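Below are two complexes that have subunit A in common, paired first with subunit B and then with subunit C.
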Partner chain A sequence: MTAFDYWSITQGALATISLSLASIVLGVPLGLALALVRWARVPGLNGIVYSYVSIVRSCPTVTLTLLVFFALPQFGISLDPVPAAIVALTVSTSAFNCEIWRSALVEFPRDQYDAALSFAMPRATRMRRIVLPQVWRASLPGLVNEMTLQIKSTPAVAVIGIVEITRAALRVGSNTYEPLPPFIFALVLYGLIVFVLIRLQRMIEVRLRHGGIA
Partner chain B sequence: MSSRHTWFTALQIKKRDGLRRAAQSALFAAVAALGIVQAAHAATAEEIKARGYLSVATEDDFKPFEFVDNGKPTGYDNEMLALVKKKLPVEVRQQIMPWSGILPGVTTGKYDMAVTAVLVTPERKGTFDFTSPLSESTTYYAVKKGSSIKSADDLAGKVVGAQTGSAMLSDLKAFDEELKKKNGGKGIKQIVEYQSYPETYQDLALGRLDAVANTQINLNSLIKTRPDTFVLGQKIGNPVYIAWAVKKGNSAALEMINGALLDLRKSGEMYQMQKKWFGASFESMPQSVN
Partner chain C sequence: MMHDFATIWSQRDVVFAGLLNTVILLVVAGVASLVLGALLTPLLMSRHKLVARAASAYVDAMRCAPFLLFVYLIYFGLPTFGISMSNWAAGALALILYNTAYMGELLRGAWQELPVTMIESGKAFGFRGLTLLRRIILPPILLRAMPMIGNQMIQIVKDSAFLTVIAVSELTHEMTGIQATYFIPFAAFVTAVLLYWCICLAIEAGTGVLNKIAEERRA
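After this line comes the complex of A and B, so read on.
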């Protein structure tokens, strides 16, 4: 492996990080919105969200990516590889995030909500002051867990030509016919990314415990 | 209590049925979408000229035909494309992607052409039209150095790997049938399918495979790089042509490229490229393989 080979896999890491980040930034709030629809049992929408989550959870990310990239142009939406990858990854992670948020919402003590209601607290304040801070705290470990899975499901979008860590490593291996060294380097990079993410989670958890943010 | 329990179970089953139906209808939608794709018509020469570009897709891990070296796509097909580009009236937009995305990309019309080593097989002729051939090759097998496999017949009872959905895999399966006829039912022990060849070679080096089937050109490249580990075996298929592929009926893109390819044959530039990448040239190929 040449220095350039290491560099090309590192570049793949940048793609992995930015794609994961984009889909997490979009997918976590989207998941919350979906979960709130189910929690509030919004008529009509509730069923749609239920089907959306069921279908997306049963669809492998690779298949979803192929559908977004190759089938959408038939409906007049032709996406380039990067936007297509972000759409596929966001759709996928939002369904899982929805269930994580929902599990916290289901466990949320209703009497607190009713108590706030009896003080005539407006709906927005009720959500912001009472529900979300507790639900956020309860969801954090699940959300970070899903993020680590999300980082490791990015190789699925390589099928439409995105060069992330695994694809970059495969390319090096197919040129040198020695696939092991690039894969070991890829593993180190994945390890580093997930390590940083988990440290971040611990930092946030410690601050939450000390009554800091939100 | 027990009746309530049954009622509950029934409800659960119904729920699960609903889920399955949802998944089924999603699948139907997907298939329908792909169906529409098949019906979509190919761009005409005027349309291609009007939009000013031809979109093509190329693989990244099929050395020496196409691979990535120091971040740049290279190999025989990429260098041939560079020569063809000079003769085209339009721009070429190239996307580098894995084999698994290439043929779907062409059948759905996302790309006009697969500029990658596509082996011309009778089955593929039903879905694709091919350019004038760029190369020819035969499926061979390779083994690990010191292997007990001395001839193709020794593959009986052995584990052999090939790329999934490849023409080499079809050749391997056909060879297996022949072997069974010859040996009274005893053929290859197991055929293992891989996403791409780098993993296949790795499994051969590790001893999980006894042999790998691929084109002679690809295996030569492998053995040139790692002569200490791998040895070329014998042929297990018939010679086939290798060409670029367009969706069946997309004659506009085909004619545009064919003119350039035949010029490159006349000038001898294609044969020089073949010598550079394969160590041999194929001068008796037909002009058309469709």
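After this line comes the complex of A and C, so read on.
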């Protein structure tokens, strides 16, 4: 492997990181919105969100990516590989995030909500000042854990031709006829990314225990 | 659109063959990784530092690696050492080795919650080695870890879709083939998604029933 080969796999790492970052930035709030729909038991929507989460959670990311990339053009929406990948990853992570947010919302003590209600706080303030800060704190570890899983499912978008770490390593391997070194380098890169996320999670957990960030 | 689904129906043999292959992969990989995971757990908890460290290095490596990368590693890497096997065998091997690490880890979590007195009284009755593992330690662990094992089974189903990249003819692969022949991507992939959903619902129902039996036995 030449220095250029190493560089091309590292560039793949940039694609992996930015794709997962984009899907996380979109998927976390979307998950919260879905969880709020289920929490508030919005009639009609509740059932839809329930089925959505159940289907997406059991759907392989590869299949979902193929569905988004090949099927949307049938309805006149044709996406380039990168937006299609972001859509597929966002859809999949939002379902998992919805469950994380929802379990925090379910465990949220009802009496606090009622107390805020008895102070005649409007609904938006109640959410912003009372519910969200605590729910956010409770779901943060779960959300970071889901981010680690998200990084590991990004190779799925390689099937629509996006060059991320795994595909870059595959390319180098088929050029040099030595598949092992690029794959091991790719493994090291994934290890680094996951390691950083796990450290981040530990740091957050320690700070939460000391009653830090809200 | 209905016409597209009718085309899928006319290709039902291919679809069911793919579904069957996915289910076979699930059963083979699920059973094998559960058994190997149960054997890996004592190594993870071993008192010999070296053994424990080697086992947890394996688990950590698997937990860091995305499944697709691991599939490539097996599929392209093993022939470098002169081991070559069919695509199906390579895919199944990748599924088994990858999920063994996860099974071992989640069984370890259940083991740590097991009261020590139970193991000690088992030892006091003269159970040792594999018999101790099989008769005293594993049954309560397996029951306790049942929901997590179910989750891991669902993960195996989802991982098996990656095997399309090495041309294992599982569900996603067959659906891609149909999609490419008739150009009906929506119908093809929605059918695939719904079939995957059915498999996962079946797994959830199965673990639910087993859980109920376990609770009745405990009571």
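Methods note: the second predicted complex is superposed on the first by the 199 of 214 C-alpha atoms of A that agree within 3 Å, B and C clash if a C-alpha of one lies under 4 Å from a C-alpha of the other, contacts with A are read in each partner's own complex, and residues count from 1 in each chain.
Methods note: a residue touches a chain if its C-beta (ideal position, glycine included) is under 8 Å from a C-beta of that chain, and two chains touch if they have at least 3 such contacts.
Quick caveat: nothing in here was measured; it's all calculated off a predicted structure.
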Legend entry - Three-chain arrangement built on subunit A, subunit B and subunit C clash or fit: clash
Inset, instruction - Would you check which partner chain A:186 touches, where first means subunit B only, second means subunit C only, and both and neither mean what they say? - result: second
Inset, instruction - Report for A:166: first if it touches subunit B alone, second if subunit C alone, otherwise both or neither. - result: second
Inset, instruction - Give one of first, second, both or neither to describe whether A:194 is in contact with subunit B, with subunit C, with both, or with none. - result: second
Inset, instruction - In the overlay, answer first, second, both or neither for which of subunit B and subunit C A:54 touches. - result: both
Legend entry - subunit B versus subunit C as contact partner of A:31, first or second or both or neither: neither
Inset, instruction - Applying the touch criterion given at the start, work out whether A:158 contacts subunit B, subunit C, both or neither, answering first, second, both or neither. - result: both
Inset, instruction - Determine, under the contact definition given at the top, whether A:74 touches first (subunit B), second (subunit C), both, or neither. - result: both
Inset, instruction - Look at A:12 in the shared chain and tell me whether it touches subunit B only, subunit C only, both, or neither; answer first, second, both or neither. - result: neither
Inset, instruction - Applying the touch criterion given at the start, work out whether A:4 contacts subunit B, subunit C, both or neither, answering first, second, both or neither. - result: first
Legend entry - Superposed model, subunit B segment overlapping subunit C, candidates 62-70, 206-214 or 278-286: 206-214
Inset, instruction - List the residues of subunit A that touch subunit B in one complex and subunit C in the other. - result: 54-55, 58-59, 66-67, 70-71, 73-75, 158-159, 170, 173, 178-180
Legend entry - Touch list for subunit B against partner subunit A, complex: 19, 22-23, 26, 30, 33-34, 36-37, 40, 57, 60-63, 67-71, 95-98, 100-101, 104-105, 108-110, 196-199, 201-202, 222, 225-226
Legend entry - Residues on subunit A engaged by subunit B in the complex (per definition of touch): 2, 4, 8, 11, 51, 54-55, 58-59, 66-67, 69-71, 73-75, 78, 81, 158-161, 163, 167, 170-171, 173-180
Inset, instruction - Spell out the residues on subunit C that touch subunit A in their complex, using ranges where they run on. - result: 61, 63-69, 72-73, 76-77, 80, 154, 157-162, 164-165, 171-172, 175-176, 179, 185-186, 189-190, 192-194, 196-197, 199-201
Inset, instruction - Report the residues of subunit A in contact with subunit C in the complex, numbered from low to high. - result: 54-55, 57-64, 66-67, 70-71, 73-75, 151-156, 158-159, 165-166, 169-170, 173, 178-180, 183, 186-187, 190-191, 194-195
